[in-house]
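To keep things simple, chains are lettered A, B and C as they appear, and every chain counts its residues starting from 1.
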Amino acid sequence: MKAGLILLGALVLAALAAPLAAAALGHDPFLPDLFNRFAPPSVEHPLGTDELGRDVLLRLLHGARVSLAVGLAAALAATVIGTTAGLLAAWKGGWMDAALMRLADGMLALPALPLLVILAALDPAAIGLPRGEALSDMIRIAGLLALFGWVGVARLVRAGALSVLARDFVRAARAMGVGEARILRRHVLPELATPIAIATALAVGGAVLAESTLSFLGLGIAPPAPSWGNMLANAQELAFQAPLVALWPGLAILLAVLGCNLVADAISRQRR
Amino acid sequence: MKRWLLAFLLLALPTMAQGRDALTIGITQYPSTFHPNIDNMAAKSYVLGFARRPVTAYDAEWRPVCLLCETLPTLENGLAARERTPDGKEGIAVTWVLREELRWGDGTPLTTEDLRFAWEAGREAATGFGPAEFYRSAYEFTAHDARRFTIRFDKVTFEFASLGDFAPLPAHLERERWRADPRGYRMRTLYDTEPTNPGLWNGPYRITAVQPGSGVTLERNERWSGPAPHFRRIQVRTVENTASLEAQLLAGQVDMVAGELGLSVEQASALMRRAGNRFQVEYKSGLIYEHVDLRLDHPALSDRRVRQALLHALDRPQIVARLFEGRQTVAHSTVNPLDWVHEAATRQYAHDPARAVALLEEAGWRPGPGGIRVNASGERLSFELMTTAGNRSREAVQQVLQAQWRAVGVEVRIRNEPPRVLFGESLSRRRFGGAAMYAWISAPEGVPRTSLHSEEIPSAERNWSGQNYTGFRNAEMDALLEALPQELDRERRREMWRRLQAIYAEELPALPLWFRQDAHLWPRWLEGVRPTGHLNPSTLWAEEWRAR
Amino acid sequence: MAGALILRRLLQIAVTTAILSLCAFLLIGLMPGDPIDLAIAGDPRLSAADAARMRALHGLDQPLLARYLAWAQSVLGGNFGHSRLFAQPVSALLGPALLSTLELLGLALLLALGAGVGLGALAALRPRWSGPVQALALAAQAVPTFWLGLLLIILFAVTLGWLPAGGAEGGWRFLLLPVVTLAFANLAAYTRHSAAALRSALAEPHIRTARAKGASEARVLWRHAWPNAAIPVVAVAALDAGALVSGALVTETVFARPGMGKLIFDAVMGSDFNLALLALLVVAVVTMLATLAADLVQRWLDPRLA
């Protein structure tokens, strides 16, 4: 738990501190410097520079903002949708339960990435988002990831909710005439906090991974906005000229996902 | 250690010996069809260059030459004659004579009948051949005998001797297929259903195996009547990822990388630094013209002084030197310096931020808040710059342009779209927000009518046809673009081209960046490859390739 | 019983596929710009009249729903249509691509299962190794597949020059890196679940009896504990079929290896949406069938489920 939280906390802090770091190092990570391409690591550029002479460390920190923001947004959206769907299914039962769970089964059985590749290639203007802008890219990708991410949460929540709803204190509350909404809010949701927390932590990791994959394939966050995935896509073409450029963004993704998984593990262990 | 070395040598020997009569070439695209007249794409032209020949082509010196014919028709040698068309237009009748002994790969003689079939199929709209302008204009085909044919055109252009992509199709194999169902022909043609049929090919090589998406194998065509090619077997392998292609070249999986569809110049020069003892490289400037289209109806960009200031603010030689190892030809207009009509005295815009600032001041743009210039009514000097998303080289250049313009107080917002959206909608419907960076591909002495004539401005009334995306209107330019194709006198044409370049450089409907150079990488033992730099690939002369 | 189950599941697969095809087709149809627009951009000599003529030729001037119905009808009739990108009938492309992907998937699954179960057994039997194995599993779960592939290419193809960077001319040398990459990405779940399952299986009374009878450790593990532990591992394999296929797409793209994943990616990038759609549907059906197969194996292993 500690290790995971420290890791994630450090990454988030670093991302937030990107402007401070830029001020400390004294250069702009968005300004190309043609005379300083592929510079080796130095005091001025701790991780060297990229193909346009920009500081790799600062771009990594700005990339963290984008990648983590997409990951968090996607995971939160997935959690909200998933929790709602799971609760609805458990509470309403009947055809609602059947329909939602059939939908979930169907989506779970499909290979997510090929579908995401096709969906990510769709025109954002068709759903009213401006094309080619960083923020709209982020919203679009987070939305797509949430579209697939809610299923896992929903199943966990449904299972948990069913067992809570069957317990005596809920039945007692119902017998006493407590409103359904109140039962769900006061009794069911608090009991589900742990599984929801686990699912969210895992979803953040999964979304960071998925975002980087899509950006790597050229379907996620488009340059010039830096994201860990599109930095790696660049690195692939430069594999011969600057192999080290490929190392850092991948390591960052690895640490972020690792942090999320450690947190999820720790929560589930605590419960036991 | 010694045993290892020995084993290595034994392993290496046969491959080296075999390497001399087989050649493996890496390219970055796979042809979407093998039919000579359907769709145009570089990968197809490259592969088909080995296996079939058009009647005429442009050579490495950018002059039209005969490939299947004996002499180029001219007015002087009597093979071309000006005349009136039946409906009274100025027309021309042009006669070509095919070389003797031309045969398809199955031994069937190649005759005027094969050209007639190609012409008939092209004239029929349902066949779905790409550019149909040639077929619209070529209104009559006459075969005098098996080798001599005349085509009548309903307009006269200086390119009358060149048949372009018009190439014979094997009538003995394809005519029945086409006639049975012209509409379905493009799906039923033997070129795609049975590309290894020898009868389809008339070049020094023929296709003997196809691996969809990954490669094409060609072997000597025994029926080829020209000079015998050196290599017995040519393998063209598609590797889309240039880093993989580079690795395959270094590992010896491919012998050479075609410049037409290969590594970027910076990848090639980095590779030459590491493994220059094994390879040779030739950089050939070509007809791919990278430029920034400007919307001339944008409030700020409509002012010529602003456009000139934008170009003065760019340090193009420095960008080329740093990002492309100096391997791009800085452009001053749409005409490549290698083209004979290029005018060296055309106005050039050196990197001169002071001049740029002065021009902007003169146009009423004064320094404003945040370092961005504003005009008298307080509007910021700001526009959108678009390019094709996913093209890393352009995306990198774009960010440098942004920085250099920022330095003179011009704000540029980057917004990129995938090619299908950019070309399919934003440019063709003129919905781009100020500037768009992309490239035009042209032929030698190609008249840029579709991108500069005022009648070619896309609009809803004209069903969005035309490629004058900037909205450029200039009466003198229009007149030049109309007169140029019909002027047969070279010296008079040169004068018109000089004028065209002068207007372009003065008005700057688009900011010229550079002409792309191709990096052709060969092993040291290969010779005879002559890169062309235009749409006719070097493979059209593959019989001259030799191993040393 | 099993027959009815299979029938129900097959029906479910058919319905899912139909819904998926409708949704995907309609979404794709909303995109601006079609292949003809692209052709215009690539060939300055194409005029607007040429474009209109070719658009009609491709049926692109019809309304969307009509195009879907016509498309669905011909697909159901066994005519998968033509790939614009490769100028081949789609059916001719899908076969070899599917085989190539199954080869990659099969080998990677075997390697991941073998290594995962082996590592799991190691962790279950030797507590000393439990920590390192767990760390490895955590890393395997967190590492981006494409990055791992990229690093392997840089190390083995670029720096050392031992293995090809990509392609598939046949032979194990072309398979090695992709299989390892894909297997590693899917290793974590098998390792963790087999460790946990073996641990609980080893704690059961009949194991103590076997040990008391003097059976060797290996025999105890594989003959007595593993049959029970295999059930949850197979369940994980069933759940992970989709992830494995997703991983194959990335692996194929990074290693430029022909297969369904690369076909879908190339088709999307090349705007050949008929091919992309059909390839997607085939991949989805194969994934669902694999899940079904794993479920059946699980039932066969575990009589309580049957």
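We adopt the following convention: a residue touches a chain if its C-beta (ideal position, glycine included) is under 8 Å from a C-beta of that chain, and two chains touch if they have at least 3 such contacts.
In UniProt terms, the chains line up like this: A, C = ABC transporter permease; B = Peptide ABC transporter substrate-binding protein.
Predicted model only: the values in this text are computed from it and were never measured.
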Contact distance in steps, from chain A (ABC transporter permease) to chain B: 1
Far-end chain from chain C (ABC transporter permease), centres as C-alpha averages: B
Length of the line joining the C-alpha centres of chain A (ABC transporter permease) and chain B, rounded to whole Å: 43
Whole-Å separation of chain centres (CA-atom averages), chain A (ABC transporter permease) against chain C (ABC transporter permease): 22
Chain B-chain C (ABC transporter permease) separation of Cα centroids, rounded to whole Å: 39
Chain B, residues touching no fewer than two other chains: 241, 243, 247, 390, 421
Junction residues of chain A (ABC transporter permease), two or more chains touched: 121, 123, 218, 236, 239-240
For chain C (ABC transporter permease), residues contacting two or more additional chains: 31-32, 153, 158, 269
Chain B to chain A (ABC transporter permease) touching residues, read off their complex: 241-243, 246-247, 266-267, 270-271, 274, 318-319, 322-323, 386, 389-390, 392, 395-396, 398-400, 402-403, 414-418, 421
Residues of chain B that touch chain C (ABC transporter permease) when the two form their complex: 30-35, 39-41, 125-126, 128, 130-133, 183, 187, 192, 211-214, 237, 239-241, 243-244, 247-248, 250-251, 253, 390, 419-421, 423-425, 427-428, 438, 440-442, 446, 450-451, 462-467
Contacting residues of chain A (ABC transporter permease) [partner chain B, same complex]: 30-32, 34-35, 37, 51-52, 121, 123, 130-133, 218, 222-224, 233-234, 236-241
Of all residues in chain A (ABC transporter permease), those that touch chain C (ABC transporter permease) in their complex: 102, 105-106, 108-115, 117-119, 121-123, 125-126, 205, 209, 212-213, 216-219, 232, 235-236, 239-240, 243, 246-247, 249-250, 253-255, 257-258, 261-262, 265
Chain C (ABC transporter permease) to chain A (ABC transporter permease) touching residues, read off their complex: 12-13, 16, 19-20, 24, 27-28, 30-32, 138-139, 141-147, 150-151, 153-154, 158-159, 239, 241-243, 245-247, 249-250, 253-254, 260-261, 264-265, 268-269, 276-277, 279-280, 283-284, 287-288, 291
